[in-house]
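The two complexes that follow have subunit A in common; it is paired with subunit B in the first and with subunit C in the second.
Right, the complex of A and B next:
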């Protein structure tokens, strides 16, 4: 089994998915707690034309994707409650995918590009990308640690937090920027369509299993990394896509945690 | 000293004017029932006292100072909306988290915050439920935890927004008694907001009744009377006493709507 680590692409894949698992698990915990899981999904979609557009003009797709998710994150944060109009969001999302498709149409040199942006290509991650992911992870986690306290307060009791002097708009915008970076990272593993699998499934499972915030974040991270690594191993032996296993294990974990907590309550 | 003073205050909420030229004073130590139908502007008055809504006209004073955001002398219990605060976090952690929840950093309560939280939980008699997950508590137990949150900063004024919603009569009585007892023990004014007059009839030192953009202040009998409320609404209002309960009627329809969440 350890022979797979003799390949550099497998070592990179394990490192990248560990880094992304940590970020997605931690950020996802607060995303689920705030009931904003759809934002993660939306940000990833908006990233799609960023990635394909960047490729079209000769820039790194990862760079273009991150720039677009960041811009969308700031937009959602500033719009606040007004961003929760599902028709408007739906139209922006389909427009994003449509634009991404158009950019792909003009950028025809590499047909595999589309699949890897949409569904992820963890086995194609180079060492340089691992370093970039690690640097982004450090910044994201540091920022999350800095805002976690008012973020938690504002998420659980917005009226009280506001009365106590928490700037709700500032906190929610900063959090959306963090979510944007985390989403961009997660797309490197699972692609823009499957971000939910890493950002939401482990965190939602952890919320079922834990009580305190610290325990919740730690369990969420452990689940995310475990799912990503197990999927790499399964993909290595079956030759099926890694992203499929990530979505399957994420769903399995969530369903069994839900069943377990229902059994305990009964 | 006045705990709260309104002088010719005009307030708006979401572009709609809810109070016009309202004046009243609440003396320190009083237990005041803030009454009025849903949407009459009770929450807006509380938010103005908290410094979250700026008056369009007039002056507000809180303990002889202008209101300000994050005012540490005010203990505030927001309305517990259906579906809000759905968390398995314990009551103790919620109370401790609220003490310094505005500071940046990771949400770990310091030793002093834990002591303050425990003291506040003792004051509301909630130490035995403090370690249970919040979402497993009953409505009355949740209100106790929320009141404890309001007590951690040693407040000089306590504001409670519709704490009786979705409680049965027995629990309503305990929460009113608890709020009244806390006010007396700490010697601070309590503004207790409710759309239903009846649970508060005996407890309130004073009634602040809002309706039709205006307010009437005084003892229960002075304010909840046909002539006063007719003057407030500008239409004939009848106050009907039935078996110790009061019904405020306009054209045969009861004015206080029944419990449903509102934002004004």
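Right, the complex of A and C next:
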């Protein structure tokens, strides 16, 4: 069991997935609370045209990925609580995937240097990347703490919040910017699937299990980190992909929490 | 029977052994792709333990996802060999995830002066594998000077056998240089170039390689080259076939274009020499049959 910690790549993987788990658990809680999981999903994917487009004009694919995700985050945030929001997001999502394909079409050479940005690998993380990840987590969590109060107010009682002078559009946009940064940075390190799975399932499970907001955020973070670590251990011993275990444990947690709360209600 | 038994015991015990248990006995070499692993096997002989990560010719190397055992093998390796030029970016990540001063990386792209964006199927360039073999030979001598004579003899033997293949390539080039050929993917590109062929439909191939769709114009040009007899051979990647490829193969066969399947990784039970010789032989046979 402990032999796996002799490997630097496993130590880095545990550290990185804990950091991503903390950010994803906290950001995901608000995302699920606000019913914006689809927006999160879309943000995780708009990086594709960003990465391929940037490499095409000679910029760093990572820069393009971040720029596109940020722009999409601001766009989705400005949509606010409007009806048909999901339709608009869906159209932007498909448009961006289409744009990505168009950019790939213009490549006259191998596009691997652009597309490899999109597929992170939790087992291939260097120690320096762990430090970058930690710095980005601190910024994200600090920003989230700053807007937590108005964000919560705007999420739970939008009409009242607006009447009390909370700028719903501004709060919603700032929140989506936070989600965008968290997704863009974490995607290229651990992959789209992992970020998104860690953002939704733990938060949804926590919402089932807890009442208060603070308790909810803490439980969501704990579940996310527990799932990420358990998945690494399971992957190490079975040699199956880590992403599979993260998604499977996430689904299992959510289903059992749902069943438990139903039993309690009955 | 003995070595087999030993291997079985080692295989069963592998999960319980910690990092670097064999380091003292044999130099552990991890190759990202099995043809580089075969170079290591031929140069190192019994003095090296070789692990090839991509060796199943039936799996698409582009869709490969690294597993913990792969990461472990790289972490424990003394020498890693990989292609570079954007072909195996996961290998670079795995190497950076386990910092070890004692590990040497031999990168084919660096040895041949190619960079990201170039056609990444470098091993089909006849100069690549001998260059990798020389770099590996030098590194093995440095690490294990006791067996210098073995390494040098193996390197000489390998170089000679590759020179033989080089002669076969020159023969085909002399007889059929300038022949127009086409391919569904740029896998065989460097070898076709070495054989002196003129490759048609390059843009179509790039699009397929990048998982972008070829445009209608590119498809029309491709089909035209098969139908009007300009392309004499259609090379296809027999590890990655889909409906679009099947369709083109059908058109090629209808129009008496020779169809030759090439593989991205080395098929099981082959060596580099037999693999290359087989493919060059198939090309020669197809062209000779057309000449009659």
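Just so we're on the same page, the second predicted complex is superposed on the first by the 208 of 266 C-alpha atoms of A that agree within 3 Å, B and C clash if a C-alpha of one lies under 4 Å from a C-alpha of the other, contacts with A are read in each partner's own complex, and residues count from 1 in each chain.
Going forward, a contact is a pair of C-beta atoms (placed from the backbone, for glycine too) under 8 Å apart; a residue touches a chain by one contact, two chains touch by 3 or more.
Remember, predicted model here, so these are calculated numbers, not experimental data.
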{"item": "Touched partner set for A:59, first subunit B, second subunit C, both or neither", "value": "neither"}
{"item": "First (subunit B), second (subunit C), both or neither touched by A:74", "value": "neither"}
{"item": "Between subunit B and subunit C, more extensive residue contact with subunit A", "value": "C"}
{"item": "Touched partner set for A:161, first subunit B, second subunit C, both or neither", "value": "first"}
{"item": "Partner chain(s) touched by A:149 [first = subunit B, second = subunit C, both, neither]", "value": "first"}
{"item": "First, second, both or neither for A:121, with subunit B first and subunit C second", "value": "second"}
{"item": "Intersection of the subunit A residues that touch subunit B with those that touch subunit C", "value": "none"}
{"item": "Partner subunit B, residues of subunit A touching it in the complex", "value": "33, 145-150, 152-153, 156-157, 159-166, 207, 210-214"}
{"item": "Subunit C - residues contacting subunit A, complex", "value": "18-19, 65-72, 74-75, 85-87, 89-90, 92-94, 96-99, 116-120, 203, 206-207, 209-213, 215"}
{"item": "Subunit A - residues contacting subunit C, complex", "value": "3, 6-10, 12-13, 101, 104-105, 107-113, 115-116, 121, 123-127, 235-236, 239-243"}
{"item": "Residue numbers on subunit B that touch subunit A, as the complex places them", "value": "50, 52, 69-70, 74, 76, 78-79, 84-85, 87-90, 93-94, 97-98, 100-108, 133, 149"}
